[in-house]
């Protein structure tokens, strides 16, 4: 896998998350696609060994941005990086957008909000109206919703928006011709159930990744008759494909 | 081994080497003693795994400094460190200073110049006159000699000072009651031969180290009847003790 | 392209079982997908896809990978579409360099049948036997549990594919005895080594995370020893690997006795072209050709 | 002192062969010198000095250590002053916690004699048999080359020290069979695992750098598997270790089946007190006592 050293363009806190941007001269950045990223790799250090997958948060004027939550060592180091980080070219299959589908519902759970910004931008540019529903643990993580004007928010502890899950903040999803969701697998399964089988239903899944380019077979999700790699056949899947 | 995170006080190039200083509130810094140092360790990264040994270059006004040459990954990372590094407390046995010995010769080979600055300072404070002789590969590495006013310099390629080794820049060593040397083992062996056995002859050796506190038995030098650990019984040894 | 330019300056070719490879690098089985072949072009001297088995295998449920200090543990479970579908797709791996095919079965008979099937196809330049899988006829011990097991399976494969170059891929445990047995049973070359059995635990959940094989830089010193010891035991050439991450690592494995060097996990975190470029730099500085390095320790 | 304060909040004690240890941490033999004992106080539940042998050993010529990815390879060669001088100095290791003594010989007779000598001293709470050294009577194979070798040496030591707790320290290769043999021959506990045989090469000089044993974080997943497999095979308690570097690592080894956890190489790069503090934090968050963790995987 080829990594590119890119200069950090800007960095800011968005509530509990970090927004980090870098200039990307190439193409291929689309809603739902992702990069493998790390603060530094060989020859500086061989540990942490693997890069980490992150969805594109936004892409505007040649500047790509990632929104991430510090969870462990990989994200802690990215959060500390001051001048450069290393990223791959854009990877995976993103969200399908079909201008004929009509109104779309976008659902994000926690850091699963990440791909919805660029998705909203792409939908808007194709003239597709959409509503955004975001679920968080608490007000602190929900602060990122400021970046999604008009979004309906729910928090588990009720400290911001409706109390409950993202589905408690959303109306009946069956009425939406298109439903897009990203978040923990449990949330995605709930969205799949609530959204029914009519229309375009797409879920961006999160699995542990080794390589990001299909080589390791590490990132699989269950489908009818076996497993498929979420880094090349996903991370966005049609809901009906996933055997959850 | 306990490591302390210390803030970098200053950093500058001294010719081909890097001079890096940090505030050290404790005591124990003496000529010939050393620290184990690294840019960062657990939990940031487990690789490179071991810290690296460095002699004290100087200690003044509570500020300790290290002079190092970038050789591999450990020193490359130290060279890149911008805000903090991690160091142990001072380790090992330094140079013996005996006010009654009279005039001293200080010999440094390449980065072996490192402990001679603080040694010169200590000798001066005890009223011991001394001459400094430094040997380098070329003019680029020899640039550090500017920090040793009055030192006689030799370079292997003749691009600065006398052409040859440090011994070519020095007069007959037999006449010095005290001889102190630091550099590659081959140079130390040559100094041992040239300095004879009368008087105080001390050599600061350089061996690969695992721990720095005597625990691993990795850093041994040959002595009569076996090996001794250079991190606790050295790194400074009386020349006659070393079975070279 | 930078790599090509450099490659012309130094002689990277090596001979393996009568084949001339453009470079001594080969991907380790299971670490290079069709989708990533772009990175392989001009870098590898041969292509070696993921192990194939008699029937399709769905593989193990996730999580299948866990990061460890300077390495990773994987438990993929040999997910593959089965040998027939695999052979249908084989052209996808054609980069104009030899294709080696890795096979594994659950019984000696499986292995022999696979070898016969695969050897009959002209696109296959050599066969690698992945002996690290459980032998169902022997209570779950692997096919490289000991010299007798190795001899039996390699012998059967040799008979089933009498003319195709045959590599036996071994783990480090008992590697010297197993190497001798594989050579004795007719293997043309040995691949040393596969992953090391390992376990990762999620202390927070108090559960096993991944039980599988350790690979990556962490295992390099163990793999180097295995290659070194085997090279001093057998006459046949060695495809060495385990943790190779840089051009200097490639040189180390060749010095230890490898003729060809496999790059696996490192390809997840580096562009293999950089590894080849570094290895070319090493050769240029050393003033020698790749083929001269094998076993050239002083 | 921070560590002590924390330690009072959670119950760190564990039982091992009738002894109550204040904490489940013990230094791995050969990684804690007299000179560094200051760091050990209040941290370790017992002290375990470097292996001693019948006669003084000068050890191997340098270089003896080489850094590897997330680890190191050492080849010290059991440098020590011999058992008599060692026993004279033993009081230096008295921190008010039990002292375990590690012994190694070149013959079964050596081992038995050492056990008899050491067991006769009341300051010695237990004996650890370092079985990773070459058995000169068996062509350089180690004392843990296989179950028969293990049974013979452990049996002889058991007879020579019938009442002192006896630990057999094993390498990961063939560890399950060797563990069963050691238990059968009367070992009271098993130490799992010693370093992994490994090799480092200096590609520039084209020479071997260090040939020895790999330790440190790199080996952790291999050690965890060894502990897990052994715990499922024997009844006796396990002193687990290999790459333990953090408090969470300590928890992982206990969950895998260890009663006591050995900290070796990590003590070169961290203050062991930090490891104990992190382990205390883990217990506090988990709301449990150290003694409850052993084998407590869901």
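For clarity, chains are labelled A, B, C and D in written order, and residue numbers in each chain start from 1.
The working rule: contacts are C-beta pairs under 8 Å (C-beta built on N, C-alpha and C of every residue); 3 or more make two chains touch, one makes a residue touch a chain.
All values reported here derive from a predicted model rather than from experimental measurement.
*Asks:* Under the document's definition of touching, what chains do chain C and chain D have as common neighbours?
*Replies:* A, B
*Asks:* Taking CA centroids for every chain, report which one is farthest away from chain C.
*Replies:* B
*Asks:* Which chain pair is joined by more contacting C-beta pairs, B-C or B-D?
*Replies:* If we tally the contacting C-beta pairs, B-D comes out ahead.
*Asks:* Just curious, how far off is chain C from chain A if you go by their C-alpha centres, in Å?
*Replies:* Result: the chain centres lie 35 Å from each other.
*Asks:* If you average the CA atoms of chain B and of chain C, how many Å lie between those two points?
*Replies:* Each chain's C-alpha centroid was found; their separation is 46 Å.
*Asks:* Chain A to chain B: how many Å between their CA centres?
*Replies:* Each chain's C-alpha centroid was found; their separation is 53 Å.
*Asks:* If you look at chain B, which of its residues touch at least two other chains?
*Replies:* 43, 46-48 - these are the residues of chain B that touch more than one other chain.
*Asks:* So which bits of chain D are touching at least two other chains?
*Replies:* Touching at least two other chains: 68-71, 216-217, 245.
*Asks:* Which label fits the chain touch graph of this model best, line, ring, star, complete or other?
*Replies:* Graph shape here is complete: every pair of chains touches.
*Asks:* What does chain C use to touch chain D in their complex?
*Replies:* 68-71, 73, 173-174, 196-201, 203, 205-208, 211, 214, 216-222, 224-225, 228, 243, 245, 248, 251-252, 255-256, 282, 296-298
*Asks:* Chain A touches which residues of chain B in the complex?
*Replies:* Spelled out, the residues of chain B in touch with chain A are 43-48, 73, 76-77, 80, 82.
*Asks:* Sort out for me which residues of chain C touch chain A in the complex.
*Replies:* These residues of chain C touch chain A: 30-36, 39, 50, 56, 58-59, 61-72, 74, 76, 79, 216-217, 245-246, 265, 267-271, 273.
*Asks:* Which of the residues in chain A end up touching chain D in this complex?
*Replies:* Contacts found on chain A: 46-47.
*Asks:* For a test of understanding, state which residues of chain D touch chain A in their complex under the given definition.
*Replies:* Per the touch definition, chain D meets chain A at residues 69-70, 217.
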